[in-house]
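Think of it as A, B, C and D in the order they're written, each chain with its own count starting at 1.
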Amino acid sequence: MSDYIAGGVPEPLVPRTTEARNGREVAALAGRRREPSIGWWGMAMLVASEVTLFGTFIGSYYYLRFSDHRWPPPGTPEPRVVVPLILVGILATTSLTMQLAANAAKRGRLWATRALLVCALAVQVGYLVWAVRDFLGQLHQSTPQDSAYGSIYYTLLGADHVHVGVGILLVVWLLWKLLRGLTMYRLNAVQSVAIYWHAVNLLTLVVTGVLLSATI
Amino acid sequence: MATTAPPPSASADEVLERLERMWQARPGVLGWVTTTDHKRIGLLYFWTTLVLFAAGGAEALTIRTQLIQPNQSVVSPSTFDELFTMHGLTMIFFFIIPMTTGAFGNYLLPLMLGARDMAFPRMNALSYWVFLASGIFIYTSLFLGMAPNAGWFNYVPLSNAQFDPGHAIDFYCLGIIFNGISSSLTAANFIVTILKMRAPGMSFNRMPLFCFAFLAASFGLLFALPSLTADTIFLFLDRNVGTHFFDVAKGGSVLLWQHLFWIFGHPEVYILIVPAFGIATEIIPAFTQRRVVAFPLVAVAELLVVFIGFGVWAHHMFATGMPTVTVVFFAAATAIVVIPSTIQVFAWCMTFITGNARFKTPLLFIAGFIFMFVAGGLTGIMFLAVPFDQQVTDTYFVVAHFHYIIFGAAVFPIFGGMYFWFPKVTGKMYFELPGQISFWIIFVGTNLLFFPMHIVGLEGMTRRVYTYPSGLGWGPSNLAETIGSYITTVGIVLLLGNLVVSWFRGLPAGPDPWHGATLEWTIPSPPPEYNFAVIPKVSSAYPNWDYADRVEDRRKLAEAAMVLEQGHEQPVTSPIDGWWAEIVEMPHDSPWPILLALAMSLVFVLLLLHLWVGAVFALSGVALALLGWHGKEPQEA
Amino acid sequence: MLAGCSGKQSTLNPHSHASTDLANLFWVMMAVALGGLALVTGLLVVAWIRRGKRGFGSDPDDPHPGERAGWWVVIGMGVVFPIAVVVALFIVSDGLIVNVTSAPAASSTAMTIDAIGHQWYWEFRYPGTKAVTADEMHIPVGARINLVATTADVIHSFWVPTLNRKIDTIPGQQNRILIYAKNAGVYRGTCAEYCGLQHAHMSMLVFAQPKAQFRAWLRKEAAPAASPTASLERQGEQVFLNGACSSCHAIRGTSAAGYVGPDLTHLASRTTLAGDTIPNTPSYLSRWIVDSQHYKPGNEMPDLQLSGAQLHALVAYLESLR
Amino acid sequence: MSAGREVVPARRETLIAPSPDEHVGRFTLRQLSVVQWIGVVVAPLAWTGQHIVGYGVGQARCEVGVAWNLGFDTWQLALTAATVLLILLSEAAAVTVFLATRETNYGDGPAGKGRWGGRTPYARIHFFATAAMVANVLFLVIVLMDGLISTFTPLCVQS
């Protein structure tokens, strides 16, 4: 067609998104932006890399398991099943809260965003506190220095807890940012942290499942 | 176009002058330290990697001198082990990757995509400073006389605390992880830049092949590095915390190291050469004045070679005694990973033939690259024959093979690219005759250096021996190799000398000396800070040859349309079809990247000194730097 | 040139069925490879000859001259033909020849030899006998031997190119390989996996002997060391047993049972020392004892601070260990 | 990311692009795009799965001695057959899209010859379909090679 326009949209109609400085403008411009933000993509790349790292850990777990028939080795207590599963299940619900927060922010609803983030934060902190206490408790019965099983077990669990901790710091930072109102920059941040948490929750589920598979 | 009518009161000169003001960098050193300009960062990468290339080259020359004839003792065995380990680490992690992705990619990607900067300019600066810090970190070990000495693939148990006490391998583990952070950031940055920052209208089928290559290499880095990171973390824990990942007595496995290492290590090979393919696919059209034949196949080949490359790792482990039924899976993938390369080779050759080839220096280097790459590739195909691989692996035959690939197929295009884009970067033209001479010296030198390695390898000379007995007939070949290494050095010195002299004495080159195909040739040389005064219209993968579009851009400049001069503005498009999604404000230069890199260096130094608590406290420094980084939002700038 | 007189360790100087197959496989692949290289080089030469003939824009009706032809070349020479070649190579090498070099069926071998890699020497044991030797392996000609390669420390790789391909010695793993020599002779092998400071001096010699000779050698090797007769040799024995030697080296039939260095029970019957580094002559032996670090820097052997007389006696004793 | 409701009409007016519901042969443009992605991604994913599982089954059977109730060859052949089917599906999708979009041109821009010239997204769809048609063949060959050879080689002999 002869009146072909590069990129499909004439310049005056393209949203200058970074100009949004309050909830209303954010809602309007975010609505007209038809794509995830660059920040979202950046976080997606980070998440892809982290998921691959955990994939490697899990691959190593099964490689070691299949090169040693005694798994877990005699003398090492088998991981507990019920409590971890319940708590991970609770943590997983924060994916919902985070996503709702992201959607609220996209509609420019500052207070809803803050409230949902606080809810998520409460659950996440609760989980981490329990997880760390449990981690230290287990160290009394068996240590990473006992055997390859202990090494990979505690490395996987520890790495997962670290990711939960980083996620909590991110949410705290978001809330601190949102004290000074909503901007497009902060909307992008909320959306990015949301997918980070989706990934972390998924990883926590998978890691727990992998570690429990030793009991089968 | 009526739809992009200019704002009433703006002439071209006002617009350009406003862009200048908007984008101009801080003066002096401060400008370089705090820069987020992809061109400046590219140049920083370029100079740094050249220095490290010199270091790696010096190591190689010492190695060759030690091996010039039987039973030499130029260096002690322990020094020799450190030299070949550092040579491998340097050339792979501190020369080729940062030179291709860091220098060429940073400088050229935004220019080819019609963008004004990378997707994450400050993260881009961070990548550089972290890379610099990791380079200093690992070379400190050499000056402290405790350099890594277990080979670049560092097999356990030779590299565990029992057989290699001291800090050498800790330097290796931490240095690799530190450098990996830089590479991962660069990779993520490139992927998002290529997917989101293309000029509006540059749908995937209109993207230059150079960008396909860097997309492939970036995905390779992003998904391969975690495996190496995990591996080095395990080893560091085994050495310093007392875990048993690789301790057979406690249920560990030594082959776990090899699997994890090569899951990274083989894609790594393609990460090294695919950007070089990209450079070749830019130089060939420019000097044949013809599009690359079979564009879609070449594009997909660049992606496929990396993708299939993830499935061949175990062919580095055929001699470890795996069951045949599992080995064949990797042999089959090894067989087919060849095909994308044959596709590209024949596409290049047909472009040479059907086009109007002008054999200037850059094209000479590409022709040499094709020859070396085919030679190295054909010996590579032989490794799919499991029994033959088991015969020659760990011998100089393999050394010959991968030097033909890494020097021939990765470094030749880098040299060609240096000549090709020299006019764009400096605005000066290099001297042609010395350029061509430098090519022939390097070409003869490298073949004399690497070809005899095939022969000694078949004659049974193994890798990583610091000396060899006389009476096995290895003397003449080794002598030839050493002479070849000296000749190659002369050629490289001539090449760099030519560029340095041309920088001061060269004739002005003008914006487009080659009638190049891609967008970087549509703008002045050297490019202005804002790259493009008018966001260019793109309707094919060779936009500089779409005359009508370039005329339209010039008209738009006169009308001050499509200029986006209200700030550090940059169009963002949809990932596949390049529909225009938004206009964003890009960050200005910032001191935080270098401060963050310093904080991270402190963490790694403390880890090296086993000051665990201190390292944890130093992490708070990292957090503070990140807070400062995100303190000021773009719209507040 | 490749398989010349100096081919003691050359992959192209085969002395077994396995190495012969491997060498032939190489020559075939080499021929094909040269063909491919010639083809591509030829195309580049053609481009050079036809340079400046035509190009982009020279013909407005046909902006991309030769595009269609180019496509067919890329599909034909770049996809179909190479796939055919690699598939054929894959079937021949990984379907058929691989079985020649893979571990032998236990029933199909005449005897087993254990090769144990140490930093930095090879220890050879002959299961069923007491024979233990180092760096020099004796095998009967024309017998299929099941070689079990293991390691005492790091990863080494057992490789005698003229007899078969290499096999790594992996901690916790018992890798096996078929060793077979068509004709009698001395074949040189070496450690192929980088194993530390003296990786360069971890070679070995394989003596393929007629069956009778081999049995005689094995019988002698299995026997304990004959106690010395001459007084000088007896002094030497005392130096060995009371000095530091016996804490690292074993001599069967005496109280010396160290396991750090090689077994010396029949040292004098070997032709070389220190992994085919120096010939086993009295003068070299004494020089080795005095300053082994000169020949093999970083090896485990300490400076023994022997007086001239002690050294003289010790060498005499060791030379008596036939 | 779905567009906010209030701007959907604005988008319809301003986006100078073919409607996703436009008919191209038997498909709408949207469907064609989906089929194209099937042609691009299914085969690589299928090969990835077969590669990992096939290798894993061998390791488990030979290194660990885990013998599931199915025999090794049955495993390999079933796995190979399933993968081959997926790859053929992928190839069929690529060919369909290629044929449906022949009247475009991946490289010459909007001015290109043919019914749609080189306009987005027709040209992009055609481009990916062309590439996928060749790529899928490679995956097919890999799967056939290792799938079949691994059943012919003697089981669990150390290479």
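Methods note: a residue touches a chain if its C-beta (ideal position, glycine included) is under 8 Å from a C-beta of that chain, and two chains touch if they have at least 3 such contacts.
Keep in mind it's a predicted model, so treat the numbers as computed, not measured.
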Chain pair whose interface holds the most contacting C-beta pairs: B-C
Whole-Å gap separating chain C and chain D, where each centre is the average of the chain's CA atoms: 47
Whole-Å gap between the CA centroids of chain A and chain B: 31
Chain B and chain C, separation of their C-alpha mean positions in angstrom: 37
Chain A and chain D: spacing of chain centres that average the CA atoms, whole Å: 30
For chain C, residues that touch 2 or more chains besides their own: 75, 79, 83, 87, 90, 94, 98-99, 102-103, 175-176
Residue numbers of chain A (touch at least two other chains): 3-5, 8-10, 33-35, 67
Where chain B touches two or more other chains at once, by residue number: 201, 253, 255, 291, 297, 321, 324, 327-328, 331-332, 335-336, 339, 343, 386, 390, 539, 578-579
Touching chain combinations (by label order): A-B, A-D, B-C, B-D, C-D
Complex interface listing, chain A residues touching chain B: 3-12, 14-21, 29, 33-35, 38, 41-42, 45-46, 48-50, 52-53, 55-57, 60, 63-64, 67-68, 70, 73, 144-152, 155, 169, 173, 177, 183-186
Residue numbers on chain B that touch chain A, as the complex places them: 1, 3-5, 119-120, 123, 184, 187-189, 191-192, 195-197, 199-201, 222-223, 225-227, 229-231, 233-234, 237-238, 241-245, 247, 250-253, 255-256, 259-260, 263, 537-539, 561-562, 564, 566, 569, 571-575, 578-585, 623, 627, 630, 633-635
Of chain D, residues touching chain B in the complex: 15, 17, 44, 47-48, 51, 54-55, 58-59, 61-63, 72, 106-111, 118, 120-121, 123-124, 126-128, 130-132, 134-135, 138, 141-142, 145-146, 149-150, 153-159
Chain B-facing residues of chain C, complex: 1-2, 4, 6-12, 18-19, 21-22, 25-26, 29, 32-33, 36-37, 40-41, 43-44, 46-48, 50-58, 64-67, 69-71, 73-75, 77-79, 82-83, 86-87, 89-90, 93-94, 97-103, 119, 153-155, 157, 159, 161, 165-168, 170-173, 175-176, 188, 190-200, 203, 276-277, 297-298
Partner chain D, residues of chain B touching it in the complex: 201, 203-206, 291, 295-297, 299-300, 304, 307-308, 311, 314, 318, 321-333, 335-336, 339-340, 343, 386, 390, 539-541, 546, 548-549, 576-579
